[in-house]
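Some notes on the structure that comes next.
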Amino acid sequence: MKILGWLTVLMCGALLIFNVSEFPDMGDANSPANSKQNLSEYFLKKAYHDTKVPNVVTAVLADYRGYDTMYETAVIFSAGLACFFLLRIFRKKGPKSRFYRHTPTGVTLRIDEGGKLPEESDVFKRIDSIWIPHDNIVRITCRLVVPFIQIFALYVIAHGHYSPGGGFQGGVLLGASIILIAVSNNLRAGIQRMSEKGAALMGSAGVLIYAGTAALCLLLGSQFLNYNALAKLLHIKPVVARYNGILIVEIGVALAVMAVMVWIYYNLSSAGKHDEGL
Amino acid sequence: MDMALILAKANYWGYVILLLIGLYALISKNNLVKKIIGMVIFQTAVILFYITIAVKKGGNIPITPHGKGYVVEAANFMNPLPHVLMLTAIVVGVATLGVALALAIKVYKQYGTLEEDEINAMIREQ
Amino acid sequence: MSTHYPALIIVVPLLTAVIVAAVGWINKKYCFPLSVASLAASLLSSIGLLFEVMKTNGEVVYRFAGWEAPMGIVYNIDYLNSLVLIVVTAVALINLIFSKGSIENDFPDKEGVFYALYILFTTGLVGMVATGDAFNLYVLLEIASLTGYALLGIGNERSPLSTLNYLFIGTIGATFYLLGVGYIYIATGTLNMAEIALIIPKLPNVGIIKFAFVICMVGLFVKMALFPMHGWLPNAYSNAPSSSIGLIAPLTTKVTVYIMVRAGITIFTPEFTFEKMHLDKWIVWLSVIGIVMGSCFALAQKNYKKMLTYIVVAEVGYMVGGFWLGNKLGITGSILHIVNDAAMTLCVFMAAGIFSYKIGDHISDFKGLFKKMPFTMTAFAVGGLSIIGVPPTCGFFSKWYLVSGGIEAVKATGSIGALAFIVALLFSSLVNAVLFFRIFEVAHFEPFSEGHGHEGHSAVEINEAPLGMLIPFFIVAFSLIFLGIFSGDIVSNIINQFIPVLPAGI
Amino acid sequence: MEREWIDVITLAIVIVCAIGAINVKDLLGASILLGAYSFLMCILWAVMGAVDVAFTEATVGAGVSTVFCVAAVFHTTRRTKD
């Protein structure tokens, strides 16, 4: 296997390096990809005029090549489905024994199978058998940081038209905030904030917002994804309709990405049991 | 091959090296998670390649100012199209990573190891 | 609505997949009818699209988001697209109806998600076939791949490892394709397939394009399991559950072959592909070795499913070799074989689904089956004969075109590769005959033994498959004969309309 | 000119991180190095003017991917032979 690897690498390396010398130099504004008569020029000059979005990347992402981005959302959604499908185990077998901490005294109780389980409350906290994060500094710091992350995420989504950012980045940040809760407390704390079913439905809803907006344009008599069609519905100018269409779509993307990231994390971190995990 | 030529295409050389590192890990590493890490490096290398295409010397980030009567000079901004494509590629990368790790966990549950030679030995014994 | 067919083919399944995934959490009952309805809608609109293409005599253009070709993503649907679209949607629909029972049996808690993955996989393939944008193809390739990994990795205890290996290889292939698109972009500055084809002949320096071509093709060959990159396929397919393998085995390799044809003819232009590259002879040799090796390995298998997977490897060799012969007959044969082989593979894998449900996968267990399940075995026999290439079935006709393409190539250039290709085709047909007649013999002449080895299946009584499985199975078996009878019409009305005038003297 | 040197130096560190990530004999360490690799890559892209891509890589590559890797390693094993 080692020799095969070296052989492939050497062959590919020789081919690739041989070709690098034919490339235009880095930063060459006149290379075919960047030159005047091509797409780069068109997007930079016309994107603001067409959509009223100064961030050209957002405009191209959600409008000119919005069809790609719809499938990008579908890719992430299928990854969520795939992780669930491969890993999730619904059997309620669980580990043989459960562990609880009696908070006032700090005593850890082990309750074997068949024993009476205490009610989950402030006094009795269930803890994991392998991973016991009970560092107050970590927990409280994370709890303090989470709202700020979420507000920043919302800013990133809403302000993606004017600055770097957009649905993906914001969605991942939102998802990360919930993952942070799950990491700093335990998995069940995360699941309390966003249940598995909630994550799954929200993922569907996100993709549905995107594809639904696009299909709505089709039903209104225009091409698929052509936000101009929304202008009649919303009583606004076509350019503004494109601007708003991009915003709606970005919200859908953010919703889907957030939910799916959390969903994948639940399945990976507990190997599908959703019981104990990182 | 003087220094200037190497520098002028520095990122292209870098992307080739990263691609080869990733490819090597993907093909000849024995541990499954190591292979997955190689896969991520491999994909990121291609993204670096695309971003390098988009660079224009002295260019700005592709957010156009929009005052009245402002005329955008395209040579002053980076090419936005490869950026858009690579946003998609990054997301595809993380999706693949998630599925690959899920499969690796399943393999570990089945055989209790992530080393490919040990797993193959177990399969042969069955 | 007829102007929106290109969008509807893909959008209806996508929307339904998302809805089904959500409905699965609320009420599982609605998942199956919704899925069937969406795939049926997709099939109907692809048939409508074919008529639309015939009416406009050429291509149907659809601009997504209303933008013109290089800026936005545009579909240019021509004869080849619409033909393969019908194949993909029809196979997906029939296999879904066929495997309803086994889906409910295998994944009781995850039905909704299975249907959603199933439809998303189909969406990915349909999008790959329909698209006119090189990068859009990559995204859809990844949708099809990711959902495919999920559908394959849930099989028996060995499937996670073999699927993980498939994932590594598949990612290498897809990433190479992406890299190739990057090279095309750096040289031409566009991603639209039609536009690329216009720019390539004008380029002063084709070095980068040549490399882009090589790397795209390597990526696709890895994905379609051409020898020597075929190692992942037999394990990944034979360990998979029968409901998903009936979808994946007939379609994945064929759609990748379609992309190769599309890349060779539409993106890179035939002049470039067959004249400037000087690769055609080598690839024909690769396919020859692939056919011979695939057939030999198939001969060595005792497990029916595993045998079929090696036949799939050999069939990939047929199509790739036929295309790279570079003449009209060869390419016709290759495209016709995409259609026929999808139907044939579906037929024999459906049989595999019934067998592994009733008895098991080992050929030695098939004793006396003709008496126990005569209808199933008749349909299976049609599939087997078609793979061998016996005249009234469709397998014969595509092989006929492939062989005549080979003869023409030998006549025109005297190339030994084409001669070897003909010999390999005949050899492989012979091997297929041996393989299937071995099964027929076991199933027909040897008496049924009650105490056969598999304890796990002893609970299932061995008799005809249920009607819900038998009807789709028969439809497929009939379609094999139907395709065979009408193959002349398919070739003259659809395939020949697509193949452009090829440069002379190849 | 300075910008190019930043490019080259970051690229060199990225390559070192990549080599480290595939050679470290501990999977948790390898995952963390992969995170470092992604983060440096994101800095490189920000220098090259691809701010949106850099932002995505910072959240997805350096953030969530690393968490996924660590979660998977946590549920399997840190042991590796190569």
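Here the chain labels run A, B, C and D in written order, and each chain numbers its own residues starting at 1.
The rule is simple: contacts are C-beta pairs under 8 Å (C-beta built on N, C-alpha and C of every residue); 3 or more make two chains touch, one makes a residue touch a chain.
Keep in mind it's a predicted model, so treat the numbers as computed, not measured.
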- prompt: Once you count every C-beta pair in contact for both, which comes out on top, A-D or A-B?
  reply: A-B
Message: Can you compute the centre-to-centre distance for chain A and chain B, using the mean CA position of each chain? Integer Å is fine.
response: 18
Message: Centroid from C-alpha atoms only, then distance chain C to chain D, rounded to Å. What do you get?
response: 37
- request: Calculate how many whole Å lie between the centre of chain B and the centre of chain D, each centre taken as the average of the chain's C-alpha atoms.
  value: 10
- request: Mark out which residues of chain A touch at least two other chains, giving numbers and ranges.
  value: 23, 31, 33-34, 39-40, 43, 55, 57, 65, 68, 72, 75, 78-79, 82, 86, 164, 168, 264, 268, 271
- prompt: So which bits of chain B are touching at least two other chains?
  reply: 10-11, 19, 23-24, 30, 52-55, 59, 61-63, 81-83, 85, 87-88, 91-92, 94-96, 98-99, 101, 103-106
Message: Quick check on chain D: which residues sit in contact with 2+ other chains?
response: 51-52, 56, 60, 64, 68, 71-72, 75
Field: In contact (per the touch rule at the top): chain pairs
entry: A-B, A-C, A-D, B-C, B-D
Statement: Per the touch rule above, chain B residues touching chain D in the complex are 7, 10-11, 14, 17-18, 21-22, 24-25, 29-31, 33-34, 36-38, 40-41, 44, 47-48, 51-52, 54-55, 59-63, 78, 82-83, 86-87, 90-91, 93-94, 97-98, 101, 104-105, 108, 113-115
- request: Write out the stretch or stretches of chain D touching chain B in their complex.
  value: 4, 7-8, 11, 14-15, 18-19, 21-22, 27, 30-31, 34, 37-38, 41, 44-45, 48-53, 56-57, 60-61, 64-65, 68-69, 71-73, 75-77, 79-82
Statement: The chain A residues in contact with chain B across the complex are 1-2, 4-6, 8-9, 12-13, 16-17, 20-21, 23, 25-29, 31, 33-34, 36, 39-41, 43-45, 47-48, 54-57, 60-61, 65, 68-69, 72, 75-76, 78-80, 82-83, 86-87, 162-164, 168, 257, 264, 267-268, 271-272
- prompt: Considering the complex alone, what residue numbers of chain B touch chain A?
  reply: 8-13, 16, 19-20, 23-24, 27-28, 30, 52-59, 61-66, 72, 74-75, 77, 79-85, 87-88, 91-92, 94-96, 98-99, 101-103, 105-106, 109
Message: Applying the document's contact rule, which stretches of chain C touch chain A when the two form their complex?
response: 4, 7, 11, 14-15, 17-19, 21-22, 25, 62-67, 70-73, 107, 109-110, 113-114, 116-117, 120, 123, 127, 133, 135-136, 139-140, 142-143, 146-147, 149-150, 153-154, 160, 183, 185-190, 205, 207-208, 211, 214-215
